[in-house]
Amino acid sequence: MTGFVEHLPILTIVIPLFSAFTILVAGWFNKKSCIFIFWLTLTAQFIMSFIILRRVLIHGPIHYWLGGWKPPWGIELVVDSLNAYILIILLFLSLACAIYSKSNIEHELPGKRVSFYTLFQLLIAGLCGVTLTGDIFNMFVFIEIFSISAYALIAARGKIALKASFTYLILGSIGTCFFILGIGCLYSVTGSLNIHDLSLLLPPFYGNKVVKAAFVFFIVGLSIKMALFPFHTWLPDAHAFAPAEISAMLSGIMIEISTYAFIRVSFSVFTLEFLKLLPVFDILCWVAVAAILMGSVMAITQVNLKRMLAYSSVANMGYIMLAVGISLSAVESPWGGLNPALMHIANHALMKGCLFLAAGAFIYKANLWHITEFRGLARKMPYTCAAFVLAAISMIGIPPSAGFVSKLYIILASIEIKNYFFVAVLLISSLLNLVYFWRVIETMYMKHEEGGHSSHGSHGMREEIPLGMLIPILLLSSLCIVMGIVWLGKIPIPILDQVNLMFGLGKVP
Amino acid sequence: MTMSINLFLLFLLVIIAIAAITIKDLLSAVILLGAYSFLMALAWVEMQSVDVGFMEATVGAGVTTAFMIAALARTTRWEKK
Amino acid sequence: MILTVESIKPALALACPLIAALLILLSNRRPNLRESWTLIAGLFQFAIILSMAPMILRAQTIEYTLLTGMLPGINFGFKVDAFGLMFAMTSSFLWIIVSIFSIGYMRALQEHAQTRYYFCFALAIFGAVGVALSGNLITMYVFYEILTISTYPLVVHEESPEALFAGRKYLAYLLTSGVFLLAAIALDYSVSGTTDFNPGGHLTLASASRPFLMILFLLFLLGFMKAAYIPCHSWLPTAMVAPTPVSALLHAVAVVKAGVFGIVRIVCYVYGTDTMGELGLGVMLASFAAVTMIGASLFAIAQDNLKKRLAYSTISQLSYIIFGVALLSPMGVTGAMIHIPLHGFMKITLFLCAGSILVASGKKNISEMAGIGRRMPVTMFAFTVGAFGMCGMPATAGFISKWFLGLGALQNGNLIFLAVLLISSLLDVVYFFPIVYTAFFGNAEGMDSNWKGSKRIKEAPLFMIIPLSITALFSIIFYFPNPVSEALLHMANLALSH
Amino acid sequence: MTEWLISEIFAKYNYWISILLMLIGFYAVITKENLVKKIIGLNIFQTAIFLFYISLGVVKKGTAPIVSDETILKGYQYVNPLPHVLILTAIVVAVATTAVALSLIIRLYEEYGTIEESEILEAIKKEGR
Amino acid sequence: MNPTTEKGSIVVETVSRIMIPFIQLFALYVIFHGSLGPGGGFQGGAVFASSFILYIVVFNIARGKKRVPESVNMALSSAGLYIYAGVGLLSILFSLGAAQYLNYGFIPFTSHFEENRALGIDLIEIGVGMTVMAIMISIFFDLAWDKGKEKEG
């Protein structure tokens, strides 16, 4: 029944919108019901995303005209393999965070449950919207929807989080302002907003200054959104002081969605020919390298675990952007094209999601924020700590974890373009990763408690977190390893090949 | 004729914008922002975009100003420095 | 002509320790069950590996592909040849021995965190056997890093500041080297399009420029820092804070041998001896090894701590292997290859002896061991066997490998290398002989007073004595012609045949 | 020169003014310490972008895009309505952002008793992370 | 300048009492005329909300809360969204999946496709207007109502 599948993209956006307000109403009567509505919606979305992916892989992209208006006038939803892929990652991590949030939110924000879930649901609706839309202005609107929900969610814990959220709000708004400026420039030249239409109309204007300016506006705007190196200043505080599941969503998905928007804009709106005219991607590579080094070094100086993870996210955005930057020059399959970038988007979502949720678990159980307080934690929370170790190993890039594979691919791609400096930077950064993650692991496992925070003594009881929080953490951490093997295998090839084919990247076997 | 009105409005906009960001009294700044929005709405109506002008007049000049004043009532009226 | 056979056996052999690791975690609360899992898995693994030997001896190789990957030219899979099998057999056999010893050692000293210990031990063996059986560099890299990570908890087992420092140093050295290795593998792959191990190598002078190949080799060398050559050796003596069985298996067999194994793989199976010779890398590597052989022996003389002295001896002996392959002559390579199992047996005997001395008397330093040979005759006799083997005395296994190495040096035609070999053997005698001498003929006064009150020192528990006797026995048996040692030699000869 | 001035500056004066307004707004966002002033600056910035958009849609002697019999009969040209629709949406978004920002400012004032950025940062530093 | 405590003057109160119904009438006009001329759901909703804001400013916030309690706000905003999104879904349902989301010509209010479309647009404008009004009012409440002071005073 392909007819029904056609409607699934819009349903993945509308159903969470519905559900957000349903949560609001239901919360008025019964506060406990919110979470169940939330879970139900997400599960439905998750299943739908798989159906969409299957449909896209078999029959090609879905084009959906809202209201029946044809593309240059109406809003169009386009789902190709890239969207479908990102959508699955997005919904999977959201689902994990949703399961996790039940116990954590009861504990952390007891009075704000209803509004929390409403906003969370809106956040997901916005993220899905950005992913699925085929209209560039519509993309801006959805970016704003998820950003506004995120501002509110970050501020939920109060105190420093308020300031962090405010900084993010200012910078994020400026970023989106640049984004609409870019849209305006393109519109002034072509008179269209549809992504596909733009890609057809733009080529005669590639030499035009306005088009070039538009591209720069897009880069700056989205760089702020994705916290690329010089614009990363909002990220550490915002990610560190948000509630745990929101941190996981921010680091694991939100900045990745901005990267997706960047990929979409640069490859679908401006096509490959345009990108080859400007040296922007080469510059981008060097910026990414700076981000990698800066993020890793700053992470070493942090004592607050979540801030450390946040800086590590800055570094990881560097990885992804480096992979995107290389994608133009490295063409040879299978590490050519966008493959390493797409891989690392998925891997980073899993790893960072797991790490932030685990960090949240430490805060949930004993209000531990600082690395020095983690002495002997492994005895009390063995499963959480084990999950943390697995994810950290993956971050460092030790085989056979997922992080290793994406690192290997980026290295192979850099070797292919004969830039050994990038190789060196990637390797150095994995050593830096080692330094800051191993410090945490060592404290958790090898150092003994000095009669610290627990009343049970050194060989105290297990104080593991509730099962609802533990399961997503364990799931994500085991996926960190499993995905490493999956990536080495042949399963993801069809998706990645389709993406590269679509953008004219890479060599098709 | 219309061009001169337009130019006049835009010129006024610049002056009001500068005033709004320099004045120390936040309440005045907010009112100036309302005036700015309203002038902007006028300019847009003059540019034949009635719809947007309407929107800006209600939302930008009306509701936003009300929000801002409400917020100032809860915080403080004067900018330090 | 070498025939290739498809068989799942390599994967099964690797599954044993992995399953054992899981079972060990699950039977956390029941020590007897936990340790029997280790032993059962060890026996199974050894049996499976041994069952592959006949095929190998018939000049076949066994292949098994686990995963056909995205990367063209790379399958994640195993390829068992004679050389890999030798290493796998050694590791898996010695795992059984050391497990038995560990039971005695850990219980006698009532160590903490024993589950973690056995768990990591099983994982380490998983890594070591994986390194031995893997069919290409990427697969090998995966297991190599697993080995590094899983041995870290064993090194810091004591959890004292000293142990933590050692652990940090261990990781800093080995993971840094892992990074170099990754870079080298990626470069190799980008140049040659494959990372498979072939006798004769897959890199030729045609594949890249000379300086590139030289730098690549240097990267590989840095990547195998586990081989503990000077100047990248200092992690090994520091890591001696680990419990003795760990030092025994991991720092005499699994970890360091994995490093050396890697270097042999690079020399013989990635570059190939011909390319090595043309590039002039053999001489360079041999000089490296020569410096290490002599330097480490000199360091060893200065050590009073028994385990540290053994550690330096290990460094020196490992370089015999590197030295052997660096000679690039068939005899030298054969000598190097058989030195891997032979040195394993001898060195593990020495370490086990050190462990049982520690358990029985609490003594760590050589100067305190005067007269201990009379209290612990079995242990010290085994120790003597091991020490003589190290020196390459006739009637011990050490003689065979040294003999081949000497022949290899002659074949190479460079007499300086022969001289180095002899000098180094002499130095071995210099630092081993005093231990044996003090132990048997030293003054035993004050021996009994400072340990557990006035209790007399006697032999360590049987759990510890039996394993070390077995290995000592093997160290002697290998010298005399018998099926096992002939099989080993045959394998070493097969390893390089095309 | 004068030709250039006429064609580039005077003929496109609303673009230049919108850019000037953007800069004013941007300046306020970046330099002002006071959080409310930042929001004011942000509003000016956003509105200036909207002005830019509206200027895109202007057609000389065009009329408002309202369909009626009269306009059809007389053959008027409409100004381009699409930017208007976009700006309607964008204004909504701007209001929402402002509302969130204002509520954050109020919460910050309740926590720290000030809406000056430097003072808040100092208070945070004093508190310790 | 505190809307919670101050008592307004009688002139202002009377004038706004007269004004508010007219503002609201105008708002309704704007909403329903949106499909034909300038204006629409959002503007109308905002005007409607400003009439309430005027009420709150002139009288005090407590009375405002009594007039438009939070539950009503919430119900209105959700109902508005339901209308908006529901109409969209209905068009899929009634056309049995043949028409796209928000293709409201297919909802059989009447027999004519164009009339259906016009009605659909009106419905959507109503939905938007309701949501905007409710949300604006509740934002204003949240911004203006100092819960701490209420307890003290």
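Think of it as A, B, C, D and E in the order they're written, each chain with its own count starting at 1.
Everything below uses one rule, namely that a contact is a pair of C-beta atoms (placed from the backbone, for glycine too) under 8 Å apart; a residue touches a chain by one contact, two chains touch by 3 or more.
None of the values given here were measured: they were computed from a predicted structure.
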{"item": "Any chain that touches chain C and chain B", "value": "none"}
{"item": "Contact distance in steps, from chain A to chain C", "value": "1"}
{"item": "Chain nearest the overall C-alpha centroid of the shown protein atoms", "value": "A"}
{"item": "Chain pair bearing the highest count of C-beta contacts", "value": "B-D"}
{"item": "Mean-CA-position distance for chain E and chain A (Å)", "value": "35"}
{"item": "Rounded Å distance, chain C centre to chain D centre (Cα mean)", "value": "70"}
{"item": "Distance between chain centroids, defined by C-alpha means - chain D, chain E (Å)", "value": "25"}
{"item": "Shared interface positions of chain E, touching two or more other chains", "value": "38, 40, 42, 139, 143"}
{"item": "Interchain contacts, given as pairs of chains that touch", "value": "A-C, A-D, A-E, B-D, B-E, D-E"}
{"item": "Complex contacts: residues of chain A adjacent to chain C", "value": "333-335, 393, 396, 398-400, 404, 407-408, 411-412, 415-416, 423-424, 427, 430-431, 434, 438, 442, 445-448, 485, 487-490, 492-493"}
{"item": "Contacting residues of chain A [partner chain D, same complex]", "value": "73, 137, 140-141, 144, 148, 151-152, 155, 158-160, 162-163, 165-166, 169-170, 173-174, 176-177, 180-181, 183-184, 187-188, 191, 193, 304, 307, 369"}
{"item": "Contact set on chain D toward chain A in their complex", "value": "26, 29, 35, 38, 42, 45-46, 49, 52-53, 56, 80, 82-83, 86, 89-90, 93, 96-97, 100-101, 104-105, 107-108, 111, 120-121, 124, 127, 129"}
{"item": "Chain B - residues contacting chain D, complex", "value": "6-7, 10-11, 13-14, 17-18, 20-21, 26, 29-30, 33, 36-37, 40, 43-44, 47-52, 55-56, 59-60, 63-64, 67-68, 70-72, 74-76, 79-81"}
{"item": "Interfacial residue positions of chain E with respect to chain B in the complex", "value": "1-3, 30, 38-40, 42-43, 46-47, 49-50, 53, 57, 136, 139-140, 143-144, 146"}
